[in-house]
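Order of writing sets the chain letters: A, B, C, D, E and F. Residues in each chain are counted from 1.
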């Protein structure tokens, strides 16, 4: 309940309501893009500074391993479910599956804010896990698509070009680069830039989620290829993946905050790096489809239901 | 106005992430010059879209404009043909 | 005098001077639009939080009533003056009248800043009055135009479409939505986002007024349809409406700050919601005309002369 | 290039708040596809303008571009005619 | 070494690396432009406030004089070297020479940040020197070009138009205007806007330098007309001019910080006001050439090597 | 559609700082109306560029679009000719 009264979430709801009511409220794209870059830089720096303080621990390694395992296995399972229950062809199933194996930076960031304000701040190294989980699912999704597709361009983009595109995607580079800068400058060096990258963080996030609310609701309204079955999967995937994340996190002995963060990463679906890669690698896949599922179904689910739910479950399981 | 020669003007509306590919195709068709123009929104058989740069440029479209000789235009269009539906 | 040395006003003057000197100084439109949205969200939140603290009082109700009365009567009177003395046809008179019945958010915000730094902060509920006064004048202005126009499209836009357009105008939605969020989160919930929405407010306002100075001066330079009579009305309207606002505010027993705020609302002319509605509902009206009067004549008048003048008058009358 | 058919290219420069109306008219003329292109500034009989989004989009103009059959083009232009001066 | 670990510099390096690796990381132009305007306003205000406190001193006059002398002489010497060793025609030599006689605001700002964090903050009046040095070199560069060019448009733009263009260039107006506003409002008036213009400064600079890194590296990669000789000059000019700046600053008795600031001004090459003026006044000059030298060679040199080097030399010479 | 007359459509791709000059030339050729359209990037004989507003607008290009009578078009093009290479 408390989570829903967080200003960050309320702005998301405001945006969604405005879009449903067909208001012409709109954030200029340059501003959204700018805030999006700001959030990546800020989250990267923060994570790096925390890791610089705590050093490389076994927890970090275990969390990284867990993240990698999730991002390799989720797309495989998701692919077959999308093919079977979802009734998608291999190309679209591969494209959608890749989104669920990867992660959404803003979902993570929102979760982190909510957790921090409940005194359950996740460990800094979870940012490294976030960065690690961004790309492997792309490769898995493409592999599934090309393996099961009987024709089409799946595979026409040279794998070298694709690897380049994926690993050097602007958001991946900025997040990773800021993380490394954070490690290099440490807490002291951060002090002078903290007013922008830390103090201003929550306010900027409000603005960004306002925009996400607008975008998610508009997508939902205009989505054409979204069947009821796919909407259902867009809700079940985060639920199941999130719970698997909770179990895995507790199993490897992470603290409560970091376990919830891992669950959020598992539950979230990419809407930046993966769509860009899929548009290039699988141009015949329906971009309206994967963006709608990721942005208009799974993202709101995680923001409004997923984050508090995974927190509840983890607290309850860790306590028992 | 004696310096004017006959040229084809080709405009390709392309998803931002696929622009790179169209450039490569133009290059392969021997086209050196082009200009890219922004767009704001649009509608077609596949529904409506509007520029929202958050999703990695997917859903944003740009116009690839090139003015070329008839011969190069044909070569370029032949190259484009297989992906015309998805562009 | 002190008001004129406020950095906010000085940046406005700098912008105007730069434009008059034909400097190529320009703020990217995406940035202006972004700051404009930021100002609405910030002012809405601030108002909501204040109302959450003080609760719904009779003062609030009286101020709201006063605001509504002003926004219904001002356009009627203004219409006939614009027709007679201003020599405008019914369509243009109706369009311009609507602007003066509505309000300018940035004029209000600037007044609030100036008042606050003189220890005369208006009550939080004045933001609600601001929101209430944004739209009624549109309906009145259109009614006057269609009643007295002999032909033309006045009325071709369906009234349902227009009502939608007006009430769901982006700026109205954001202001009202933020006000409600402010009420919901209260002072405590605001603390974490205050660095962006409160601490940064004045600096952002400087930037925005720099841009307004540029825009106002450029409009004044390029205005074609602006006759001397209309310029005169663009100065007299805010003066008279402002004084009426002072009298009304004192009559219903508002404190000094809130009275000045009411005067500023009465005196100010819309330049966001109303132009957008008029362009749609009265496409034959001359948009250069109403924007020039509102942005290039009345806005600067209020910023430089109106705000300090209404403050002086109110302080003087309240003291006696 | 056998797949090319003859089409009319219509570009309407329209005040941003009136775009909605042009879209409705296009729809009524049976036009499904269009693309909207931004502009920066301009000048005409009614004076100069430049894009300044603060005033509710008034004073900003966009280009509504559609490529249609001759028949639909005529229907659309007939629709547009009454507001052509104010657009 | 410490300088290189400043977050500001690290973000510059990150941008450069991303561009060299051909990442698609990009800051929207509206955001870069906005931050660029912000930096000018902030630096102007800060300088004005410091001058308001210290008053007009002889140091200020001497520094201003030194700056003017440098901006008149550097382009003359640079012109002949570019003609001879650089093998440029008179038009291009004049255009490039003007850039080196003028200054780069962001190089200055970065230097100021680095100096301030080493306890060597330059005097506030150095901002006035910065403003004074922006334009004279343009006139000198054009004079050299038109004097030695045998044909071409050098001189077709009326000198009145050009003077207007140069003195009313947006960045010059904003810097000077903010400086004057700073003097008018003083420390007290600044307090309320300080959260935006002072506290946020370093963080914004990080963002801007990230973009500069991207731009510089992309330019370097795509530069066509850049010969080895010109790259060499792009490194030698700042080195020599910087050292001359150090000597001049110490000679006229400036403190260490202000001396280094003067050196940085001498060493830096314009990339805003001068390119815009040259594109208009000398359209036949190769804009790729002067922008590459200024942005892709000299700017990185100053940021990474110049600033710490001039600081070292000055500290060493002032100490002995 | 009787109100249509034959006109020339001229599009000039111009470096942002030189736009002012093209406007003056158009004015001198008796052209009253024009619209300016943004561009994002391009490539030509002189290499690639992309819009980066930091460098005083140099390296950013815009399209100056005007629709004029044949006669004015000729006058305008004649004016433009000497700077066509540098524009």
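Keep in mind that, in the parts below, a residue touches a chain if its C-beta (ideal position, glycine included) is under 8 Å from a C-beta of that chain, and two chains touch if they have at least 3 such contacts.
Quick caveat: nothing in here was measured; it's all calculated off a predicted structure.
**Q** Centre-to-centre on C-alpha atoms, which chain is most distant from subunit D?
**A** Between subunit D and the rest, the longest centre separation is with E.
**Q** Once you count every C-beta pair in contact for both, which comes out on top, D-F or A-B?
**A** Counting C-beta pairs in contact, A-B comes out ahead.
**Q** With chain centres set to the mean of the C-alpha atoms, which chain is at the far end from subunit F?
**A** The chain lying farthest from subunit F is A.
**Q** Can we say the copies subunit B and subunit F touch using the same residue numbers, with more than half in common, or are the two sides different?
**A** Since fewer than half of the residue numbers are used by both chains, the interface counts as different.
**Q** Need the CA-centroid distance for the pair subunit D / subunit F, whole Å please.
**A** Computed value for the inter-centroid distance: 21 Å.
**Q** Using mean CA coordinates as chain centres, what's the gap between subunit C and subunit D in Å?
**A** It comes to 31 Å between the two C-alpha centres.
**Q** Please tell me the distance, in whole Å, between the geometric centres of subunit A and subunit C computed from their C-alpha atoms.
**A** That gives a centre separation of 41 Å.
**Q** Touching at least two other chains at once: which residues of subunit F meet that condition?
**A** Answer for subunit F, listing residues that touch two or more other chains: 37-38, 53.
**Q** What positions in subunit E touch 2 or more of the other chains?
**A** In subunit E, 28-31, 33, 169, 171, 195, 200 touch at least two other chains.
**Q** Could you run through all the chain pairs that touch each other?
**A** Here the touching pairs of chains are A-B, A-C, A-E, B-D, B-F, C-D, C-E, D-F, E-F.
**Q** Spell out the residues on subunit F that touch subunit E in their complex, using ranges where they run on.
**A** Residues in contact with subunit E: 15, 17-18, 20-21, 46-48, 50-60, 83, 85-87.
**Q** Quick one: in the complex, what on subunit C touches subunit A?
**A** 28-31, 33-34, 37-38, 41, 45, 164-165, 168-171, 173-174, 177-178, 181, 184-185, 189-190, 192-197, 200
**Q** Per the contact definition, I'd like the list of subunit D residues that touch subunit F in the complex.
**A** 13, 37-45, 61, 63, 74, 77-78
**Q** Can you tell me which positions in subunit C touch subunit E when the two form their complex?
**A** Its residues touching subunit E are 5-8, 10-11, 14, 17-18, 21-31, 117, 195, 199-200, 202-204, 206-207, 210.
**Q** How about subunit E: which of its residues touch subunit F in the complex?
**A** So the residues of subunit E touching subunit F come out as 29-30, 32-33, 36, 153, 169, 171, 211-212, 215, 218, 222, 224, 271-280, 283-284, 287-288, 291, 295.
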